[in-house]
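Next, two complexes with chain A in common: one pairs it with chain B, the other with chain C.
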Partner chain A sequence: MDRLRLVSVALLLVLVSILSGCWDHREVEDLGIVLLTALDLAPGNKIRVEVQTLVPGAVVGGGAASMGMGGGGGGRKRYLNLVAEDRTVFEAIRRMSLEASRELFFAHNQVILISEKLAREKGVTEIIDFFARNRQFRRDTWFLVVRGDPRDIMEIPTHLETTPAQVIMGIINRQDLSSYFAPTKLGEFIKMLESTGIEPYTAILQLKPNPAFTRISLLPGVDTPPSLYRLWLAGAAVFRQGKMVGQLSERETRGLLWVRGEVRGGPITIALPASQGKQELTMEIMRFGRGGVKLEPYLAGGRLGMKVKVSVRVNLAESQNLQLDLNNPRVISRLEKELAGVIKGEIMACVTRLQEEYRTDALGFGQAVHRKYPRVWRQVKGEWEDVFATMPVAVEVKTVIRRIGLINNPTPPHMLEVR
Partner chain B sequence: MFRFWKKRTRILPREKGNPAPSREDYAQWERSYEADELKKMPLGPRLKDNLALIKRILGNSSDLVIREFRLGVDGGVPGAVVFIDGLTDKGTVNDTLLKGLTLESRMAGLGGRDAGNIFALVRNFMVNTSSVREAATVFELLDGILYGDAAVLVEGETRALLATAPGWPVRSIEEPTSENLVRGPREGFTELLRTNTSLIRRRLRTPNLVLERITLGERTRTYVEVVYIRGLADPRLVQEVKSRLSRIRVDGILESGNIEELIEDNPYSPFPQVFRTERPDRVVSMLLDGRVAIVTDGTPFVLVVPAEFIVFLQSSEDYYERFFLAIAVRWLRYIAFVASLILPSLYISLTTFHQEMIPTRLLISIAASREGVPFPAFVEAFLMEFTFEALREAGIRLPRNVGQAVSIVGALVIGQAAVSAGIVSSLMVIIVALTGISSFVAPVFSMAITMRLLRFPMMVLAATLGIFGVMMGLLVILVHMASLRSFGIPYLAPLAPLHTGDLKDLLMRVPLWAMDKRPSELAKGDPLRQEEGLKPAPPDKKGGQG
Partner chain C sequence: MQQDGRGNLIEEGRISSRQMAMLLFTLIISTVDVYLPAVVAGVAGRDAWIAVFLAVVYALVIWAVAVTLASRFPRQTIIHYSKEILGPFLGGLIGMLLLVYFFFVGASIVRILVEIMKSSFMPRTPLVIFAASVVLVACYALFGGLEVIARVNGILLPLGIAALLFVGLGSLPQVDFGQYLPVLEKGLGPVNWGGVILASTIAEIIIILMLYPYLQDRNRVGLNGLWALLGLGAAMLIGVLAIGLFTAEVTAAMNFPALEMVRVIRLGPQRTYLDIVIAAIWVGGIFVKVALVYYAVALGLAQWLGLRNYRPLVVPVGILMVALSVMAYHGLSDLLYTELKIFPGYSLSHALLIPLLLLVVAWLRGWRAKG
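On to the complex of A and B.
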């Protein structure tokens, strides 16, 4: 009797687990893996949601289905774009299930795109709630602003990568080679959005005519002509009160990144007088990071000011100036001084633009003040926009040239050797 | 299992003075004789009666040889040599027994005057084998004959002489097939008990090596030796082993596996709690830990107790190769061990519940390879694992030449055809292959089987509850393992009651010169294995040594 009871209990346990288990079971092949989500403003105060899902069978050759058929998935398109409009983001996404054969799965979403129109007119505060609340979206998804219609970007032909989403990811991952744009992750964006003393910013994605395109490409015999347009990430969109208020140029963006301590590399060029007017030298910024910058607010006569201290190390990458004797330490220190001036110029350009034109504190000066003068901060918090716009900013840059490359002095043509 | 064969027939009073077989005698030929009954049966003074009795009890079997002769001069005293053809060496019987008994007794002039003394004379002067025993009862006599002894019976004696002259067929010592080593002795145990104990004894010349014989199996009467090193093995452990063995009352012991099942601590556990090996060197190293070995006649597999979990993941080669390699191989084994348990279930749970945990690119290729597969991942995995296990089983049982054909067919059918037909995904094939390879890494087959079995419930758990289920399964297994004991030693021994000192032989394998203590759960009497300071170093140059 005892054994019977034991067996029946065991059986019940197994049955219970089978009954209750599996309810959220879904196979990989039933998922529409979304790589990119874009939001746009639609007529009638609606939100247009556009997603890019991957077609796995077309991406990877050698799958079970394609193996007998020569592999490679043939010429199938490798992604599928879905568009739906509704009043809320979630509603629109669910509306897509009316036309998609697979359940959309956002856990692998790489990029969220917000159209400039939406960002400027409606602002991001309302729509970002969904992304923060939903458990599938990751906090490290890139959050970008798109100039123009996101649908264009989602259909851009790709060659190296599989989908436009991966092209965007690739460009962002190589940001450290230029530091000319300032992308922000969803989590970081939300954090900047909800905290006082800093306003969010992010990079702008846009289409740009493809300079590699030539008329020759269109002649018969050319395999696949290059596309007319290329994806291009540039500058930064700055926000105030959750709405986009303007954009920074490449130079200003790097100024912003210097202050935020997020420059990870990139070229920087200075010009020095030579025989034929000024000639350029380009330095490569070495990993800079948050430790290289110090924000030091100060109080002078009851007025808040800000001192920005930057110290950076660079390598000489190219010198077109043939007259410089790079073996001479004094020449090097002259270069360093020159370089400091350029960096200071970048930072000041950004500060001026933000103070005078957009009146928004994307630099995080408010947070620095809050940290150093909490009492003062409480007083100025309400009118920080005005205080920021008028506060004096001093920039102090220290630069060190670490290495000058494989050769010391430029190789001069023998004409100049006489000198 | 075979109990119902045993008919307890009552003993009938033997009729005296009537040697001609009667109806009752025929009836007796057809009945069986029990050990208890035979033990009570003494040998009679009349040779004829005794021989008739032996014949009757053995059912007049065709391999029973009775050679009658006469002892000494003047017509002599009747005697007989009784043995089983095939078990006893005929040459030995001829040269040392019959020669002495017939020729030398005549030369010694043995005659009627020696009547009362004859047995002692035979024993002391005429039987030239090295080992001689006396048997007083029919039981002892038969027990000896059936083991391979030759019995000498003499008219007028109620005792018989048992001379050892084994001549049974033996297999020579070969390399053990189930535990191959690259470096290490090539000798393996054979089916013969004496050979096996000699292999152990030859490696352990200490006088403290003790062998204690126990006979198990009411019908097979298999000899079993309990082997241990006095002073190292805990006396209570030895006592426990002996008492567990003596509790065994079965019909037959055909393999040490029969014993294992009858003495293990928890018969319902999927985990083996008794170690078994074919290698004498492994047995010796475990004896030196303070364990007890059980050598069974008729099988090359020697049991060793207690056996905690980690013993099953160690190979004797770990101690023969230099320790760097041993550590690396050991960790490889640990990882493969875990993989063989949870790899398919992990795959199932990740692909059916937790797709967000898979790196994007991997997810894409998984999704692509599963495109068009008609089964859910669980069914797919189950199908493949089933096929793999069937293939493995087929490969083992079949003759070697056919076995290869099976593996070719299997590889083709599973690997190629199934994938290209779109029935299974190529990734699943990889998973199954990885699992299969991992399960072969376990050095002891019995532990590999355990993992193989547990894999299936784990897969069910993964398919129903995802990672949560897998973790539950692992937890249940862990709790069960922690509750297990092998002859009083906790199964997770150096880990679960943590003995940090013993971790040197678990997390890594420290060099031999640093392994100065025995496992602390064992060998409590003599914990020190060797002196400290054995680390080799070049001679000190300043000291002027060369």
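On to the complex of A and C.
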């Protein structure tokens, strides 16, 4: 028995050396954990890679003290940005090791940013290979387009979060509160890029002047002035054959998301004629998703058309129209019709923009045609861009207003006789 | 030994036909879902799921031939009765061909294990470390004999099935079944070829020709094997979920779609990177597969040489297997090319044609050595 025990202990000791990871062992202390990777076009047809790494000591130690200072100021900065240029992405990343004391580790990278310039001029087809091939990057990393210089975005002061990367993540994670921008994950983007009959899209990240910044902010005595700029995710960048060709507005983006079945919430406002001009009601989109939309291509006289059927459930969030009797089902069904018109308008705005201006099928109409009419698809796929651009599109929206909140009728001033 | 026909059975352990079916299941599933979905997606496109059904049908034919042949010579392995059917020279040659086949399969899967570990997890570790460590453990299992391998599999297989179901169910919410439309766009040709490629891997079930004499309940093995094959079909359908997850084009471009499937699974916002956990279970499956094939080679070689014991051969065969796994391929491209272009013909000629030939000749010569 004793001998057996001795042998077991010896074997366990051997295991220790095996489990340490052989030649690939890495100590956490030696890793620079990257949260964000950005790509930009540099002069001389080079690629500029920018990464944001976490500074662990500053997060744990001095973090709380400098909370209001937005990363800089009092304590140590809680992140470190590195920039390098080279001909390929990998080459540039390894070039960073010349100035970084730690090995960059990308398994926790959350966001990949592509500058608009790179997306428009060079396209993403070549550079995306690295991210799919590398074992550290994950397919569920967000893949966004940046307006302007990504370096500006990576230095934006933060207040609630530790790093700008986390601010971006936070905004994306709450996309369902508005559905006004269309972020795409790396895996989804690659899927749309490689599939026929659909073109990729993703949200645009940009800086905008901070509306909370006032004259008072700079006066002595104010603790920490707010930054002049804020991060802002807006709309969608649409691509054609790997190159960004245009941008959709917030309204058009939601039209795109309706068709793609990716609206998960957000406000939607209808305007009703009232005694004093128009008065607005806002609904909150409740449940939607892939099941809420149907793309039905049809053939009419040898010509392809597309019927988009959408059905939505909403709750009333706010009514500024005092004359409405919300207890009356007929009023509700009138509101539902109005709302359907607004949603239809959003979708058609997107369709028109894509058909007439950008001529790119981000809606996936080609895929729907391919699935329903494989033979027809074989004929038209060569000139799909033209077929898509001239395709008649009909939108059918069905809406249901489920709940109207905690009160039924608006609270009118006492002199108004409503009922 | 007299009543065992004219062979040296060597192994004293006996396993049940259910254990046998479980061994066959592990034997196939540990490799078939790993990289083959990509190969089949490249060949059959979004119709890969149809190829799975065809593959099961083809595999049933292979299984039927093998079991019919084996049941004619229940106390011998193919190494013996091939000599009995075709004479010592031709029969010996056939026996050697099959041993080389199993040896090659063993070396190839060791290499697949190495390639996945190196590509996805530990690129700097020398490949011989992975190859040697799995063969070393298998070597230890071989000294225990067939029963030991079957019992280890009894522990590892439920874990493996749980992992498989986890991958299937975990990725299901993200699967877009629209990706499988339109069906049969390019006709049956590519789908059929996809089915053949899959069947050529499943063809490794002819290891039954080496293990049949060691079964306790031989009459039930045909049926249990059938269940194993149907289960394999279901498991392969989980593998082709990758197409619904990533589209056929992207899946075809992946080297290890199963791994990518695990990577997209999310259990809430934090628990997302589960690939290494699943990989650990999968390594268990690969170990059983290596052990089983390795066992077939060592045992068969001992019988071929007329030895009384296979144990002296275990270490040399293992060393050669590691050596072949290291030297047979330059890299992953080699391996995938072999798997797509060479292995189907090689495997099917050994797993289908050789048993069929033996069966026909034995029938012509009037079934000797029964029972």
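The definition used in the following text is that the second predicted complex is superposed on the first by the 381 of 419 C-alpha atoms of A that agree within 3 Å, B and C clash if a C-alpha of one lies under 4 Å from a C-alpha of the other, contacts with A are read in each partner's own complex, and residues count from 1 in each chain.
FYI, a residue touches a chain if its C-beta (ideal position, glycine included) is under 8 Å from a C-beta of that chain, and two chains touch if they have at least 3 such contacts.
Quick caveat, the model's predicted, so the values are computed rather than measured.
Colleague: Is A:Q206 in contact with chain B, with chain C, with both, or with neither (first, second, both, neither)?
Modeller: In the superposed model, A:Q206 contacts neither chain B nor chain C.
Colleague: Which chain makes contact with more of the residues of chain A, chain B or else chain C?
Modeller: B
Colleague: Pick one for A:T53: touches chain B only (first), chain C only (second), both, or neither.
Modeller: So A:T53 meets neither chain B nor chain C here.
Colleague: Of the two partner chains, chain B (first) and chain C (second), which one does A:D24 touch, if any: first, second, both, or neither?
Modeller: Once the two structures are laid over each other on A, A:D24 reaches both partners.
Colleague: Considering only the touch criterion stated at the top, classify A:I190 as touching first (chain B), second (chain C), both, or neither.
Modeller: The answer is second: A:I190 touches chain C but not chain B.
Colleague: Which of the two partners, first being chain B and second being chain C, lies in contact with A:A107: first, second, both, or neither?
Modeller: In the superposition, A:A107 contacts both chain B and chain C.
Colleague: Classify the contacts of A:H370 with the two partner chains as first (chain B alone), second (chain C alone), both, or neither.
Modeller: In the superposition, A:H370 touches chain C alone.
Colleague: Name the contact category of A:T141: first (chain B only), second (chain C only), both, or neither.
Modeller: neither
Colleague: Using the superposition on chain A as set up above, list the residues of chain A that contact both chain B and chain C.
Modeller: Dual-contact residues (chain A): 18, 21-22, 24, 107, 138.
Colleague: Within their complex, state which residues of chain B touch chain A.
Modeller: On the chain B side, the touching residues are 351-353, 355-356, 360, 363-373, 376-377, 419-426, 461, 463-465, 469.
Colleague: Looking at the complex, which residues from chain C come into contact with chain A?
Modeller: 119-126, 129, 133, 176, 178, 181-182, 185, 246-247, 249-250, 253, 260, 263-264, 266, 272-273
Colleague: Any idea which chain A residues touch chain C in the complex?
Modeller: 18, 21-24, 107, 132, 135, 138-140, 187, 190-191, 194-195, 290, 367, 370-372, 374
Colleague: Which of the residues in chain A come into contact with chain B in the complex?
Modeller: 17-18, 20-22, 24-29, 31, 33, 35, 54, 56-57, 59-60, 62-68, 105, 107-108, 110, 136, 138
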